[in-house]
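Here is the structure we will look at.
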Amino acid sequence: MTVRFGLLGAGRIGKVHAKAVSADAKAKLVAVADAFPAAAQAIADAFGCDVRTIEAIEAASDIDAVVICTPTDTHADLIERFARAGKAIFCEKPVDLDAERVRACLDVVEQTGGKLMVGFNRRFDPHFMAVRKAIDEGRIGDVEMVTIISRDPGAPPVDYIKRSGGIFRDMTIHDFDMARFLLGEEPVTVTAHAAVLVDPEIGKAGDYDSVSVILQTASGRQAVISNSRRATYGYDQRIEVHGSKGVVSAENQRAVSIEIANGEGYTRPPLHDFFMTRYTEAYANEIAGFIAAIEEGATISPSGKDGLAALLLADAAVKSVTEKRQIEVAL
Amino acid sequence: MTVRFGLLGAGRIGKVHAKAVSADAKAKLVAVADAFPAAAQAIADAFGCDVRTIEAIEAASDIDAVVICTPTDTHADLIERFARAGKAIFCEKPVDLDAERVRACLDVVEQTGGKLMVGFNRRFDPHFMAVRKAIDEGRIGDVEMVTIISRDPGAPPVDYIKRSGGIFRDMTIHDFDMARFLLGEEPVTVTAHAAVLVDPEIGKAGDYDSVSVILQTASGRQAVISNSRRATYGYDQRIEVHGSKGVVSAENQRAVSIEIANGEGYTRPPLHDFFMTRYTEAYANEIAGFIAAIEEGATISPSGKDGLAALLLADAAVKSVTEKRQIEVAL
Amino acid sequence: MTVRFGLLGAGRIGKVHAKAVSADAKAKLVAVADAFPAAAQAIADAFGCDVRTIEAIEAASDIDAVVICTPTDTHADLIERFARAGKAIFCEKPVDLDAERVRACLDVVEQTGGKLMVGFNRRFDPHFMAVRKAIDEGRIGDVEMVTIISRDPGAPPVDYIKRSGGIFRDMTIHDFDMARFLLGEEPVTVTAHAAVLVDPEIGKAGDYDSVSVILQTASGRQAVISNSRRATYGYDQRIEVHGSKGVVSAENQRAVSIEIANGEGYTRPPLHDFFMTRYTEAYANEIAGFIAAIEEGATISPSGKDGLAALLLADAAVKSVTEKRQIEVAL
Amino acid sequence: MTVRFGLLGAGRIGKVHAKAVSADAKAKLVAVADAFPAAAQAIADAFGCDVRTIEAIEAASDIDAVVICTPTDTHADLIERFARAGKAIFCEKPVDLDAERVRACLDVVEQTGGKLMVGFNRRFDPHFMAVRKAIDEGRIGDVEMVTIISRDPGAPPVDYIKRSGGIFRDMTIHDFDMARFLLGEEPVTVTAHAAVLVDPEIGKAGDYDSVSVILQTASGRQAVISNSRRATYGYDQRIEVHGSKGVVSAENQRAVSIEIANGEGYTRPPLHDFFMTRYTEAYANEIAGFIAAIEEGATISPSGKDGLAALLLADAAVKSVTEKRQIEVAL
């Protein structure tokens, strides 16, 4: 069976998903919608699909599933509409920046019996998947301490920062999801520190650019997250899981792995400098996972509840910085 | 402009090229031919092209270029036919196992003004390309000593060995081409040692499975090649170029780069176990390079002459083992 | 000039220092004292020095400096006695487990004009020194985020745990000192999480075995520390300093650096399994640094105040775990 | 028991051995002799031993063993004298540059029942020993292909080159010994290529600076050696042994193992730049091995015969370059 897709939003991440859908033998990109007709047409030309309105996609009998890549503040509404329209839904994170709005949206999904997958692409990175698999196979025993370091090559524009919900809800949220993916047990407390070290303009916008977080589970497992909006050497994404029998880690990725040595030392190239090149395989695997869940009727993961859980951790981190104390969370 | 392709041969490597052509935005796979209709049909179904006879492809006005993936002993004849038919030709290595036959074939290509690219895919591996680029940028100064280690995960069936032309013409030939690609100067002498260490059946078939070769250029640059038909840890493909100002090397590649540590030590996964997964990007780049050469009218590289040069080095290696001495070559 | 040493305490760490002093061309081990005469005699035999009482060493005119390796609860008293006796003092960490007692002791040292160095050996590890040097040379710009991971190969006996002052004062204290060494600015807040994941007996003794700490400085620089009393793969000691222009890190150390590859993957040996083999060079450099400070009249580092600062951070960490909030510190 | 040593030759390598002997608990340096009294006195002052003449050391009843570090052309004579004097002998390589002279010298050693160890220090490097141990434990199965890359940081003065016996006898000789140590079977044929790429003055002196060698054993095992008198990135010393079940390799060594990353990439420091710092542990282990052989009456290894075997391989390599063919050797 082929899953027939509509794409909502023809921006940068929309193109990524258009490519992933088109390249998947089990999927077909049928139509794209965007507020800017030229953007939609460009996708249509490149991947051979129709340009339609959102309403047309909603009503289409030749579309089984949608990928939502529109601006964040439209996500929850679109999820509700397409759940009611009976389409399977893949939505880029976050569902919404407000937890109450997310809860209301997930209620609609549940009432309609809809299928919703949230775009935490890193769970589908082959290296991180191999880490998870090593844990599942018992190769490191019981999980004890998780370490996550993520640093972006550079800060986004301040305009973006202002609309982003802040670093915890925009950037750390991926690490919160990854921590949950790896800990194997829900966090019950969150502590965060935050500062402006990279760009004072980020501080003026009311946000931070350098943060540290500790999550702890009921049994005492701990995850430490270190984030920076700056990394001169590329897109830095590392995870390590320490357990009772050993430790497993995923290394950083680079486009080419050569090494040049001279009197200055041994030098390997910088890392990927962009999340799209770093996570190319993850985006393809993610769509494949969505299709498999649709076809096999399997539980969708990461689900809307996973999206909510990561957001609640982000909210708690914000509160921890403000109140200078541990915040309890119930996920 | 789109380059319209015919594919000759629908076997394992034919599929690789069908996929590479189909995925390239500047190319279109129009038709496939194979002595086994079912094999051709499988490609046609998977990639949405016609099944035609070789004759039909030869005569087709909607085909600009062919990819030859048929058995080795048909290559030279097909190259001549398609050169005369005015098609651009990509031919899997080797053109032929007999140097005289190759020379005659290249003469036809030249007389017809044909375009011929030979499938030394490793030149298009992004890591090896980065090594070549580092040399070109002067980062290691003058090239002095090249080291190439290639080991296959396992020996092919003895039936294949018997038709292969022997390890030097079948396996080392890639390393001969890589040595020429890296040395920046033609070898003038060849010395080789060879033995049967992996499988006595290979020896009974008159071939070797473990060989060492030294190439030397007129100015004294040296390349050392070490080959084995066995590597328990995967497809081992390393190059290192030492120069007057430094050294550049390309590391081995693996599908996932995690590391697990416990009381036994720190363990990373084995390498890719198959040339197709190891060289996925190289095959795509190779076809892209072929298309670029056709479209831009650029010099094709690696050319038929490159194919001949590698074969002459292989012939010299065979002779060196037999006569236990250095063999001079004029490339 | 040769610095003439007396050694107080002939236990495990006493032997390490006896060896370091004996091997240093600028030092001479004159005498050793220990409550167990046999232990003192063993050192005397191995390194060719006298066995004397503490009183005799205090009064000796042929001894310039002492190394205090006696039980922790004797450190402060001995420092005061030997400061009054005019000997230069190297004391194993900690000066005392009680910050007030430390302050009183340091007052005596100051009043007597004494010289006191505290045994934070890691500052003298050549790899960590090279990290500090890279920072000083401006190679990573301004320090922003420090990550320290230290894990012991195994937990000490519970009897030791009970006398240790707890994991923060016994184990993390080294990391607190290292964080101060690397941050280049004093921490002003401390947050810690702690749990018992390795051995329930440690919990029964009122201590933890798995802890996470965040330190933050006035300008917002952050250090994250992750500790475990367990590491199946050896003595895990890593530091990383991220700055505005780049990042510098020190890798783990192992006794031999070979790699074996087979069908299971590529395996390197486990790490050093003991702090003495891991820090062999650090102990030698530490004594050399102490001698240099004595001879050149240079400022001693790490000083008694460094010892106090690390202890205050440990006290704050304990308080943070109990009160579930950030604790302010004034170092 | 303590082995009492006399040291013949107080030059650079003499100092290395003086230090190794002095630091070994089972050895005592009693006396040193050198044609330059000041050089001998410097060693005597640093390590607390006598200065004596060679004749006095020969006749001394308080000396059990000698370390010969005098110029190469005196080695064979001194070995014979001290064998007759009943001293155990450690002699720096080579015994002599002429194989016939070596044979005659070894005959004297045998007739006198003397003990002679030859200074192939690399066999005692902990990393290379671990490679040998991995082979002995069967971890890579049967040895098939050995790869040795050694490059010096820079060429020695041409005056040294002229007296050195040429690169094969001076530099490659260590690799010939290492190949024998690793192959587990004697080479029966040798092929070598050689050129002058580093310094034309070396060519004018009749020597080469860049060489490649293949050794092959009776069963077909092959060792490939690549040498250069130049390496901008330090003292490059790598070995790899490929076998039927896997491969084992020893990595290069550096003084500090930090890594700095920025926009240019990830850079680790250059390697050790001098054989003495690279092989510090090997020199200590070597003397310890010599002492153990004396004390336990064990077979000495590497023996005079090992020294001869490496020289015969070097002679064959010279001949192979000249005659442009494989040379047979009988070791």
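Residue numbering begins at 1 within each chain, and the chains themselves are lettered A, B, C and D in the order written.
One rule holds for everything that comes next: a contact is a pair of C-beta atoms (placed from the backbone, for glycine too) under 8 Å apart; a residue touches a chain by one contact, two chains touch by 3 or more.
All values reported here derive from a predicted model rather than from experimental measurement.
Peer 1: Weigh C-D against A-C on C-beta contact pairs and write down the one with more.
Peer 2: Contact tally favours A-C.
Peer 1: Could you put a whole-Å number on the gap between the CA centroids of chain B and chain C?
Peer 2: The separation of the two C-alpha centroids amounts to 57 Å.
Peer 1: Cα centroid separation between chain A and chain C, in whole Å?
Peer 2: Chain A and chain C have C-alpha centres separated by 41 Å.
Peer 1: Name the residues of chain C that each touch 2 or more other chains.
Peer 2: 232-233, 245-247, 261-263, 269
Peer 1: Chain contact graph: line, ring, star, complete or other?
Peer 2: Graph shape, chains as nodes and touching pairs as edges: complete.
Peer 1: Quick check on the complex: what are the chain B residues that touch chain D?
Peer 2: Result: residues 142, 144-145, 147, 149, 151, 189, 191, 193, 195-198, 210-212, 214, 216, 219-222, 224, 226, 228, 230-233, 236, 242, 244-247, 324-326 of chain B touch chain D.
Peer 1: In their shared complex, at which residues does chain C touch chain B?
Peer 2: For this pair, the touching residues of chain C are 232-233, 261-270.
Peer 1: Applying the document's contact rule, which stretches of chain A touch chain B when the two form their complex?
Peer 2: 23, 126-127, 129-131, 134, 139-140, 245-251, 253, 255-263, 269
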